[in-house]
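In the two assemblies presented below, chain A is common to both, partnered first by chain B and then by chain C.
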Partner chain A sequence: MEHSLIDPSLGEAWRPRVIGVRSTRREDDAILRGEGQYVADVRLPRMVEACFVRSQLAHARLLGVPLEEARAADGVVAAYAADDLDGVAAVPDLHKGGRPVATYPLARDRVRYVGAPIAVVVAADRYAAEDAAELVVPDLEPLPVVAGMDEALAPGAELLYPDWPDNMLIDAPASNPDVAEAFAGLRSVGGSYTIQRVGGVPMETRGVVADYRNGRLTVWTSTQYPHIVRTMLHYVLGLPEGQIRVIAPDVGGGFGTKAQIYVEEYIIASLALRLRRPVRWIEDRYEHLVTAAQARDVRFQLEAAVRDDGSIQALRGQILHDLGSGEMYPPGFNPSFVAVGMLTGAYRIPHQQIGVRCVVTNKTPAGAYRGFGMPECTFALERLIDKIGGELGIDPLDVRRRMLLDPGEMPYVTASGARLDSGSHREAFERAVSEGERLTERARARWADNPDVRIGMGVATYTEGTAANYFFTSGHWTNQDSCDVRFDPDGGVTVGVGVSTTGQGLHTMVATVAAEALGVPIDNVRVVMGDTDTSPHGLGGFASRSTVVAAGAIHKAAGEVREKGARIAAHLLEAAPEDLELVEGGFHVRGTPHRGVSWGDVARAALVRTVDLPPDVEPGLEAKAVFVPPGVAHAVGEDGRLNACPTYANATHVAVVKVDVRTGIVAVVDYVAVHDCGRVINPLIVAGQVHGGVAQGIGGALYEDFGYDDLAQPQSTSFMAYLIPTASEIPPIHAEEMESPAPEIPFGVKGVGEGGIIGPPAAIAGAVEAALAEFDPPELTATPITPQDVHAIVTAAGRAS
Partner chain B sequence: MKPPRFDYSRPSTLARAVELLAASDGEGKLLAGGQSLVPVLNMRLAQPSVLVDLGLVEELRGLRREGDVLSIGAGVRQCDAEKSPLVRDCCPLVPQALRHVGHVQIRNRGTIGGSIAHADPTAELPAVALALDAELVATSVRGTRTIAARDFFRGPYTTTLEEDEVLTQVRLPIFADARTAFHEVARRSGDFALAALAAVVRFAPGSQTIVEARLAAVGTGGTPVRLDQAETGLEGRELTPETVDAAAADARAQLDATADQTVEREFRRDLVGTLVSRALTEVRP
Partner chain C sequence: MRPVEQPTDATEVELRVNGDAVRRTVPARLLLADLLRDGLDLTGTHLGCEHGICGACTVLLDGAPVRSCLTLAVQADGAEVTTVEGITPAEGLSPMQQAFKDHHGLQCGFCTPGFLTTLESADPADYPDDESLRELLSGNLCRCTGYEHIVAAVRAAWNRD
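Showing the complex of A and B:
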């Protein structure tokens, strides 16, 4: 398939020149020197600071918000409750898939989670604002609390939204006659699988600075998508988009947490309009852990119709998803639909029927987090496959081998309709397993003398949909992105893109792709992103999309510029354009390397000495392009199936764990990730994505948990309780790349941002279960796996024997 | 997460520090390494009227041997005690325990006295103080007194220090014939302990016979506890796998009788038993 990637204008023998080269990231110098510019670094004259008064109760009627005392406090500029913010509309429920929640940025009649913003106090600094906020005691009348999914669905449950008949934000049953048929004739193996509530918890919390002057509102916000924030500000505040500029400066991690539009963004912007002075809000860690979007919190009921060889003919089941209060846009239910779409992963499983039921509870609203449904469905399916192996007495690795897809089957349309374009599913699996087995043996030998240690290995294989269509998620935006490529007269290039970075290296990626496409040195490419005034329109960075859509757009725009450049060069060289060859830095006549012109010569002719242009060529050397990822649908088809992504990455992960059976402590001692994200642009950045994702996945498998008590009071309100893995908990990660180029995407690239996080819960649970085999453990069906869980298994076995 | 208003003083003498503390009428707080106090201030869980910063008080810095006693100034940084050859030679239990106190960055700021006076129920240094029967020296405008470690810890974050007293010195006995170990179980490296154990075992010269055993555990209650039953059982015995098992069982039995019966507590008691076995196995000559 490789020939389809070759751009004819680059010559038939195109081999990547800078794509694929491991090079350091251009972002890092400034970041490592502390010269990054984050929202908190935006300091404007006359700037004031905001602090929110947040609900202390999970569910209550809001009867009043006395603000007099706060307004009179030292240093206070203003204080507002919902009634004082006229002109701030409810957040539009743009996604029609679920029941509308009609969230007002500040609570109006009711609060539905601890941390819901009730009032905002603006003062000279954050200290004064917090002092005054403490003086605001909202009049709250407690309502019965719905602390979890089962309570939410119980008959007679308190309703979070009194005009709804129940607490379901969305209920999407499924039916499929092929599934019923499969189950009628085959053995059924099933289980219930739970992933706890976790979240992205980026190093930089959220933050917003807003300033209104000269008729324009400028909003700096720590977001993954400035253009989308701008449109939403327009919807909620009523300002024309041309009067709004949204800037995502350096962003210290997003992970999906910042692919939401938060009520604080509307409020801070509206305060700047109202006060006519810059207003700043920097979220503190307590606020972040209590109010930023949380994710997962799902329970899968999953059942397989199994043939005698262990392979699966059909899957059926239901996903139950706790959305918290549901007051979040884009809505929190989307990961469950991605889980439906990606469930069968890299396996040949012909049929499925998976219902989705998303309920509202009095927890923090659910939203996006890296992986977005894929860690959840991978956990459920891989755990179920291990169970099938156990019940049938077949090695679970062999069960997997019987179902793994082969390259010859590509493109393969899965039971959900996902069209897997290419991949190395079987080979990645075999490589990872064999490396995992070697490392497992090594670990066994290393701890052979320790009677308290057991070693186990677990496997997880998945496919990762990348550059997913956003229409299904947002109900509003679709999937395109854009770029503009513009030469300076000296041959330097500026590339503006609509994708937006959160620190994952997109500037380097864009520069590399542009350098490749134009034949210029990477250092001659300036990259512009993250600012609605200077970047072309785009949807930002999420869903492992940035590389795919930016590369697509750059490919298109660069092609136009290259073609024009070749015509100008040919004129300057008195040669025919088709006789020219694009080389590093410019053009020369094929076979005559000394007869050449640089991009600087070409650009100068195009922009300065236009007298040197051929008569039929207009001045200027730039192009804009929009890329629409091919092959994706915007709605579920009549057959209930949908392809949401233009290309799919794949990987197999193997975790090797060491379990101390007397303390219950689980340590991941080695982690193997054989992954395939198509053509690799920069191996260093890809490795960074894989390593970071695996680390976050280990956090979810063993440590992190947003717990709530019976009154839905959050229990993980600081890093003392929300346990993020540190460097000490992260083992050597043995990452190996395979390259199955995406046949329909320019340069053959696929996304890689989320892959690393998908495997760990399944692989680690499998490894712990294997390590504890002699204790006859029950199936490990929930994360996080805690020392106490392990201790309970070992103790129970001791009692039994 | 910004503290409310407070006054701040940074005296350079102990005399001035205790005066300021006395003048605050119980509303003042002492600031040493700040590793526990500053987060608590930022979360507004403590709202002192005045912070008396002990950072410049030279009298709290000393680290010296006085005969059979190692005297550590309360203001000595944990990292300095951890790396000190004197501490290592006199009381190896101290660096053994300090390795488990948070991470390097925390130990760079945290102080020996601060951790003991803060009396976090899962902290390592209170266990060390209790295991070694440390003498804790406290000073106030009213004078100076010495408190035995056994009389010092009263509950979670609660000690017998009076409101106007500053912990100034931690005096640890030096045992030439002791072998020590510190074991801990935590969710992550550097975390608060699920359980931890400080063990000091003195052997008769040239033998495995135990002269005295001191075992202090944290994690099962509001204060560190001495495992008296296990200690008594070990005295005069040789340290064999059987006596180790018996000591672990004694430890569990003692904790069973004194603590509540939740699943989590039971888990922690089992952990202490495991740590007793491991620590005793380690100290075997």
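Showing the complex of A and C:
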């Protein structure tokens, strides 16, 4: 067994022992054996099933909801519309940034999107509930439909919220005299860049089971943040939080989609209170595709003041963001502000001025999706840099090289105020480009004989803010998270954390970090998360935060426990605490390895043989700690800047695409991601995060689209239309990790969850454009890039020649 | 099994599930997935889309992969049904399951049982290279892994470099 020293201060002498090892995951055995416990697997006696009646119109006045027929149907226990659910308040508009939407869980007088819940039917089983729900025909009076942003902003547009003067939920103009000065003196290059509506679409839909017994409400829900669900249930249902227990069981993917608190969570909980029976609702895929949070749907007008060498002195522009109906908590506008904050990425661009305008329309409400504004801003800026290169006749890679930040410039405060703490921006770029060029040559050689094939390569560089203070717009003014560490008498450790998993491997991460910090074997660490009764208070899993905040909290708590353990061990060994060192499994006297005690010896003394304790040491061997990521501001400063994250990851992606100019079909044949998330806790899990994000990014760049017609009827209502990429669409992903430890975060870790998804839209658009160079393509400014788009470019070139 | 008039009419089915004889009276419209999950508590079979695309609910019907969300329980009358629980050893993991674990071929795991059942019925000889292997896997959607580690796991389980 390795007995390397762990310095309690984790200073220069610290050498990772289990951090950095390719450990397999502790989560896996149960899942692989089919023994996972997802929300749909919760079974309770007397449980009944709920089914929602949803609006089939995008915009209508709700005049009445006849429920008699449904209530009389076979197997039906109850049926409710909004008027029947007294005691269910409107969802509070906790954020102060935009206009209030005052969403009631069931629609009261108006529906604003197809899928809005109007009534709920409860029956003995799901078959009976669905049959009865079909008998409910709400009395809807159609209203003019606002099907998109341009319609929403047109003069005389129908208002979704009649007491608002227009359809803007938030309008945040920007001004900056430095930007005006830059544009007065320099050439300007600009464009308009659009990312379509996509979403997380986890393989497990949403679902809620609620049960009220013995004066307590228990809610199992497929969520990314159980504690916040509990707080919101308290606000809407009026129960004290102590009477509510929220459990996130195994969650089958989240990706931000489950970082919302949904109206169904309030409704199902209220039904359990009302019926005194367990109630289950498992969303079906159609419901998911029309009601779960959708994202992006952004048009980014961006203009650069460009120096003669192609480098950028200033950026100005505006983000126009379609929030759908806006009936979502936390509100859907947050990604646009992240896009402002992260716009300049890894580049030295001194000034920016970006306004944000978020518009309500009759589409599904917008919310979170992995990447959260960063794919949008990266797409706009990277496409614009390619355009600058083209207009100035400079290789766009060289334009980037002139602006890339170097390690010596860290910490670097960007034009938006983001304080980049560390990174390998230039080296990651050069490595990715070099590997991408090699793979591009290989692809050219492979398809050299095929006259229909063109090969192209595109590049995207970005920074990824991690552990972001996203909650400042949600009304939860905190970024804290916590853990408690407690020993059992046999030397086993239980670590409870406030972060919550959706399958990324957080249990393994927490166990690894705790084992590292305490010098215990990983298998001796039990991890508790996702249950408000047993996990300490925390905000959950989102914004690539879990590793940063959990590791920070564990570092603090473990430090306290170690210190106490050392005092007890010293007493047991009749030595001075400062003469001890912590080794794998316990303490020994420095230089005398045979004089040692195990954590079990220490824990027994602390818990069940307290007579052995030194006189000045209290019984017990546990500690709780709260970690607040350092350096994060909660509001924009007087200079208009804001640092929203304690640490920033970085990466460069290169896509190599094969375009069939006969069919228009684009295939990504190789994908390179050189990525830096600081110190890597588990290389296997980090690679998995990068791969998964890249695959979702490829989906967004080429296949996925939540389209709506002129009446705002959703067009992607099944997996026949919403095209999740399969193994045949996703190429080999060449992921390489660099490690620039976060200097101000314990263990040097940064977040990794969102990085992979940020690069693909920009990299793939650049690659397709490069592949089509001989056809003189217009700038590709929108995703998804479809075979029709490519075909149109090729045919137009044919006509022109 | 006697003929039924209505989808809600009850009918009797007899089948074997993971080797055990099962006799149940079920509504004619009951999905095989719901019989397995709610009737037999075999919750390893997951429902991801209920319209036959995602493959999470894949089970083997007389050895062939089927979508249990598109298969009625009555269609399994007289058949042998194998779920993920049926391809799992009493202790530990099967070689394919172990390969998924070793290569991090799963994250949230919701889709995983469908991949395992699909692979259980596949003959490696029919999928000699990565392209054909990916084609095989393309009947199952995964939203977490980007498939890279799943491909690696299968290659390892099939003893390919």
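Criterion: the second predicted complex is superposed on the first by the 785 of 801 C-alpha atoms of A that agree within 3 Å, B and C clash if a C-alpha of one lies under 4 Å from a C-alpha of the other, contacts with A are read in each partner's own complex, and residues count from 1 in each chain.
Definition applied: a contact is a pair of C-beta atoms (placed from the backbone, for glycine too) under 8 Å apart; a residue touches a chain by one contact, two chains touch by 3 or more.
What you are looking at is a predicted structure, and each value in this text was computed from that prediction instead of being measured.
Partner contacting the larger number of chain A residues, of chain B and chain C: C.
Using the contact criterion defined above for the overlaid structures, shared-chain residue A:S718 touches chain B and also reaches chain C.
In the superposed model, A:T663 lies in contact with chain B only, and not with chain C. Looking at the shared chain after the overlay, A:P240 reaches neither chain B nor chain C.
Touch criterion not met for A:P615: it reaches neither chain B nor chain C.
With both structures placed on the common chain, the touch criterion links A:G156 to neither chain B nor chain C. In the superposed model, A:G393 makes contact with neither chain B nor chain C.
Of the two partner chains placed by the overlay, only chain C lies in contact with A:G252; chain B stays clear of it. In the superposed model, A:G408 lies in contact with neither chain B nor chain C.
When the two structures are aligned on the shared chain, A:G505 is found in touch with chain C, with no touch to chain B. Counting contacts by the rule stated earlier, residues 126-127, 284-285, 718, 720, 726, 728-729 of chain A appear in both its interface with chain B and its interface with chain C.
Chain contact summary for the complex, chain C toward chain A: residues 8, 27, 29-30, 34, 37-38, 41-51, 53-54, 56, 83-85, 88, 93, 97, 100-104, 106-113, 116, 130, 133-135, 137-151. Taken together, the chain A residues at the contact with chain B in this complex read 126-127, 130-131, 134, 284-286, 662-665, 703, 718, 720, 723, 725-726, 728-729, 786-788, 791-792, 795. By the touch rule above, chain B contacts chain A in their complex via residues 1-5, 39, 43-44, 103, 185, 187-192, 194, 263-264, 267, 270-271, 274. Those residues of chain A that touch chain C in the complex are listed here as 24-25, 27-29, 31-38, 40-41, 43, 125-127, 200-205, 250-255, 282, 284-285, 502-505, 684-685, 687-688, 691-696, 718-720, 724, 726-730, 732-733, 735, 756.
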